[in-house]
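In the two complexes that follow, chain A is the common piece, with chain B as its partner first and chain C second.
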Partner chain A sequence: MNITESFKHREWPDLSRKGRVTILAWIAALPALTVIVLYRIIPILYNFYLSFNEMSYTGELTFVGLSNYRNLLHDPVFLRSLANTFALMATIPVGIAVALGLAILLNQKFPGRNVFRSAIFLPYIIMMVGIGVIWQYMFQTDAGVINYLLLQTGLVSDPIRWLSSSRWALISVLIVQVWKTVGFYMIILLAGIQMIPTQVYEVARIDGASRWQRFRHITLPLLRPTIGVCFLVGIVTTYRAFDLIMVMMPQGGPNHSAEILLTWMYKQAFSYGEFGYGAVLTMVMYVVVLLMVFAGWKLQRRSFE
Partner chain B sequence: MTEDSPTNLTRRQYAKLSAALTAGAVGTAGCLGDDDDGSGGEGGAESISLLTWNLEFLEDSIEGWIDDFQNTEPPVEADYSDTDVEWVDRMDDQILSYYQSQLQTDDPVTVFDTLGMSFTRFAEEGIFVDLEEYASSDFMSKFGDESLEYATFDGDLVRMPFYQNAGATYINTELFEEAGIDEYPYSVDEFFDTAERIVDESDADYGLTTLTFDYRIWPFFWAEGIDVLNESDDAAAFNTSRAAEILERFHELTEDGVIPEVTWTGFVEEQAQQFGAGDTGMFIAPLSNVRRVQGYGDWIDEETLELTLPPGNRGNYEANGLCITEPNTSEAEREAAWDLIRSILSDKWQEDFLRNTTVMAGNLDVQEELSNDEEFRENNPLLAMAYDLWPELEEGYVMAPSVPEASEIADILDSEVSNAALGEKEPEDALDDAEDRVNDALSG
Partner chain C sequence: MSRINEIVSTADARRIYDSLQPRQDSGWNYRLRKFGMFLLGLLAAIAFFFPLYWLIMIALTSQALIGREPSILITDPSIFNFVTVWYQSDILVLFANSLIITIIAVVGNLVLCSFIAYSLTRDFHGKRGLEILLVAAMLVPFQTSIIPAFLVTRELGLLNSRLGVALPFTVSVIIILILASAFRSVPQSLVDSARMDGASELYIIFGVFWPLSRPALATTAILSFVWMWNEYMWPLVVISSPSNRPLPLGLAEFQSTLAGEFALQYAYVILITLPVIVMFLLLQRQFIRSIAQSALKE
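After this line comes the complex of A and B, so read on.
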């Protein structure tokens, strides 16, 4: 007799049906919960504890109180990397907006639309290191294809120093990040659009709703859960920018202009052996991610209210 | 962190995420332990491990090292036939996070191939065995005084010289001929002037490119008597008016297109590629880049490429060394580790190493013998050129500061020098900021 049958056969007669289902649900969730506790919760708690300590290479900890947190105030790169992390997160709504436009466009019937869908999705499955190397060439000031196109079309009169000026270095990363993720968002949104019943549009059309009104009052509200999913997945994808920055600008760009919390944390902990301070940066990163997850969760939730 | 692998195998950037994942295990695994002292076998140790850096391509040779060790081939004398040797290779700076993770899980690597100055941070915490208690004077006599000095930290010999390298200047002789330049530059100002002349008087697009990270830009400053740190290694010493002048010249030459921007934004491959393209007069980089630039330029041969001295013949010296981990290793394991090191550094395997790489050997006898081998010279003319230049480089090369913060200081200098060269900061401001940051790093 399996576990479900044993519940059915009243071997736990004192429990209500709801109680039995609850226990069964917990048993089913236990493997996943174990993994989450072991590989997520415990490391986060340990990291929090580590942030109040200095750690030697052999793992001995020395309690230093808030000293590592105070170092944030003296670290000239920290604020910049924090601001850049938010800027990178801001590529999520930008990418979703671009993807939404593309999804609506590619939801129309025209020859070759599947080719366009594939072409736009393709960057998402290419590994970030390869993308970094290719874009590094494309962004070259003198010989890069991007400046060549901009100059040829007359959009700029002087070549842009994409990777060698603090003004443009982060923008270069953001452009690549949007390019990389837009295909994924597009596919998800396309699926979301196709889930919207066509009758709703037909009724709206009969009632005289314009294209914009149909988009504003039907498509957008019904896509909110899908956009929320994109937002949450986007947060995870944002972390892949680590590889991108390390490939395109291993020193974090001129004057650390493209440094993000993740790259700075990595350098502090693993290049300089500052594990305690690295743990502090990780805690800051957790807070940033929690804020973004909360925003994504709220967005998803609003659609069901 | 040093990046010049003995070959052109990798880019540093290719491996960051997996390194971070490896290190992520540190937290959860920190409480795991192993009380086994590792004793066993006639040679005393059940197993030892060897961690190498960017040597995956040498798999056959490394298996040979291990076979010789286990088969009691000279110079090994004890019987290690029952001692397992686990070999792990890690690329680029993955090696540090791997080693750190192993240390913290109480399962440390026994023999660690340390790169550049990264060993100092571990040496400061007493992670490495003082090898002088194992080394006989006969064995030590195979290595140069400088390389042994570089392997010493706080009076302890913490690593054995495995291979070494020093900065040099790669010359595109065709562009020099076109520009009518007969003499190669020596002083810093001569380097700058020559770079300008090459651009003005030949078809070259650029006059000069250089590697910058890990003190590779510092020959320009050492040549002018500007040290990174003061004599007691506790404060920055580079903030001088001459240093500001050099930075100003870097900026002018970059603005004028004499130095390509990629010099300040690239890491290794980008600059090597630039020189390999054949449109740049000079490239300042360690000798180990010979095969790397050759890979990027069909035009490169012993006629078109010349290797000569870096600015003021003050190239940066760097070396890889083999260390033995002290915490959580038994005496039997350390003795076995020492015998494995002796096998690796034996004449037989050092010669094999030289034949398969582009670096200089720690074992000087072998290097000298190979540099006089006519057949080798004929088949490897560029390497022969590097070997010929080495004695001159030895006279002038400078070692990076031997402090635990060496990697962080190198990154700060690289970043601020690039800021000034790219016009992101005024030279004086870049030096002030670098000075503050270096002093902060030193004061912990």
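After this line comes the complex of A and C, so read on.
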């Protein structure tokens, strides 16, 4: 049967109602589906293929088997960047913990809380490149305001070389990452807290539960799915650290000490032209992200204790 | 409330009686607690807002921390840095580029995602497969696939074009899910009666679903605007000629050519983040709801 033909005449011989709806639904889905397949699905498959090849500057591929994968073993920066990627992931629980405290505080009724919420949330919507520029100056060893404040208050006796020492480069990135994402988690957690029915608290008060007990045995377990959500969306926010590192330390910090998989992959492909090896690093990132998503999903699923 | 049946002592009864009383809204204890919370909140807000205050302060005063006692307050502000950035950089061209790609992304999300969200409200063959595909696409963030996505863009002949930057951002699975759930909550009777009156399926999307899904549409517009406006990595890979660059690339370039000129860089940051900030201040409630919603949909 000729589908296009029957389309023209706006009559649908031989087709059941569901058959008609099916054609219509797929036509409506097609444009968005095309973009998703082109930019989400095909890249994943193509990357797998690319990881077994070497690509010349003209774009021709030569099959090299597992050789790109073997290069991982001889690349000291790879392990560094893998470890740093996990360190970056560790900012998620830290950020969530800070955000949880703030969410509980700012859920109380007192004057000014809306302004405070906005002030804490604002960093999240500012572009990460801009954030990088702001903090790069603040982190300066001699002219930076952070060292100035630390020295004035006597917390340190010598200025810290935030961005120019391999000891502090990554820590600087992690600090900014936490600062930027706390407001985001706080907004999600506030939404979660407000979904807890107030009757639960009233019953607990009648039973004589203390403030801490109420938090420990009501708020926390009931918030668990929301915390899982924070964890899941937190994974995506760690990708923004790419912008931050590229702006604050384009070389990835002293001795690549602040390099993450994303920046290293970018440099391999677009600075050194090693697309095949970049594809291998991408494969590693797929594995990492799937592991993290699985962990976050587990956390979200087990809602009540 | 089962405990009510178990009351044995007067102490129990007393406690329950107390806890059922409305909270006291006066008294020193209460006021002190509120004040304590206010102080804590104020401290947290100051700590988080400080870098942004610093941004504004340096951009307005150009003061350096070396060689003299700095003032924490804004003294003697001038718009000199903003004027310099405005005239000395190609910020207007970049602004236009950012605006173009952002409009493509926002319109794309509103229209394309509405279409596919409409599909998801219907019952059709292969729906399950489509849903699985969408979830699979959501699992792996786009940024990870930057190398193969770059090669796809090259195959499409869209390298170094604004369309090439915007295209992957015209559809987002999260937005599809938000719109689909908004469309599903439109009463079926309305859709049926529109169909009975001979309305086309296009009318059902734009004439029935849209007017009843305003908050979800606002969420779509806000999220896709912010995502595209702030995106740095993808245009960095796709765009090679200066005349097609969006603002984040311009800022990174400005920063590396004017290393050390922090007051100018800060003024630049303020100018290019202003659209998002203004949008946030105007639509605060909606904005915050959008962000929370996008997370809770995952």
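One rule holds in what follows: the second predicted complex is superposed on the first by the 265 of 305 C-alpha atoms of A that agree within 3 Å, B and C clash if a C-alpha of one lies under 4 Å from a C-alpha of the other, contacts with A are read in each partner's own complex, and residues count from 1 in each chain.
Throughout what follows, contacts are C-beta pairs under 8 Å (C-beta built on N, C-alpha and C of every residue); 3 or more make two chains touch, one makes a residue touch a chain.
Everything numeric in this text was worked out from a predicted model, so none of it was measured.
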item	value
Clash-or-fit label for the pair chain B, chain C on chain A	clash
Which superposed partner A:P43 touches (first chain B, second chain C, both, neither)	both
Partner chain in contact with A:T141 - chain B first, chain C second, else both or neither	first
Chain B versus chain C as contact partner of A:G273, first or second or both or neither	first
Chain B versus chain C as contact partner of A:M246, first or second or both or neither	both
Dominant contact partner of chain A by residue count, chain C or chain B	C
Chain A residues contacted in one complex by chain B, in the other by chain C	38-39, 42-43, 46-47, 50, 59, 129, 133, 136, 142, 242-243, 246-247, 250, 266, 269-270
Touching residues (chain side chain B, partner chain A) in the complex	1, 11-14, 16-17, 19-20, 23-24, 26-28, 30, 93, 96-97, 100, 103-104, 106, 121-122, 125, 127, 213, 257, 260-262, 264-265, 267, 270, 327, 404-405, 407-408, 411, 414-415, 418-419, 422, 424-425, 433, 437, 440-441
Footprint of chain C on chain A - complex, ascending	18-19, 21-22, 24-26, 28-29, 31-33, 35-44, 46-47, 50, 59, 102, 105-106, 108, 110-113, 115-130, 133-138, 142-145, 148, 179, 182-184, 187-188, 190-191, 202-203, 205-208, 226, 229-230, 232-233, 235-236, 239, 242-243, 246-247, 250, 262, 265-266, 269-270, 275, 278-279, 282, 285-286, 289-290, 293
Interfacial residue positions of chain C with respect to chain A in the complex	1, 3-4, 15-16, 19-20, 34, 37-38, 40-42, 44-46, 48-49, 51-52, 54-55, 58, 64-66, 70, 108, 112-113, 115-116, 118-119, 122-127, 130, 133-134, 136-137, 139-152, 154, 156, 167-168, 170-171, 173, 176, 201, 205, 226, 229-230, 232-233, 236-237, 247-248, 251-252, 255-256, 262, 265-266, 268-269, 272-273, 276-277, 280, 284, 287-288, 291-292, 294-296, 298
In the complex with chain B, residue positions of chain A that touch it	38-39, 42-43, 46-47, 50, 56-59, 74, 76, 129, 132-133, 136, 140-142, 161, 163-166, 242-243, 246-247, 249-252, 254-256, 266-267, 269-273
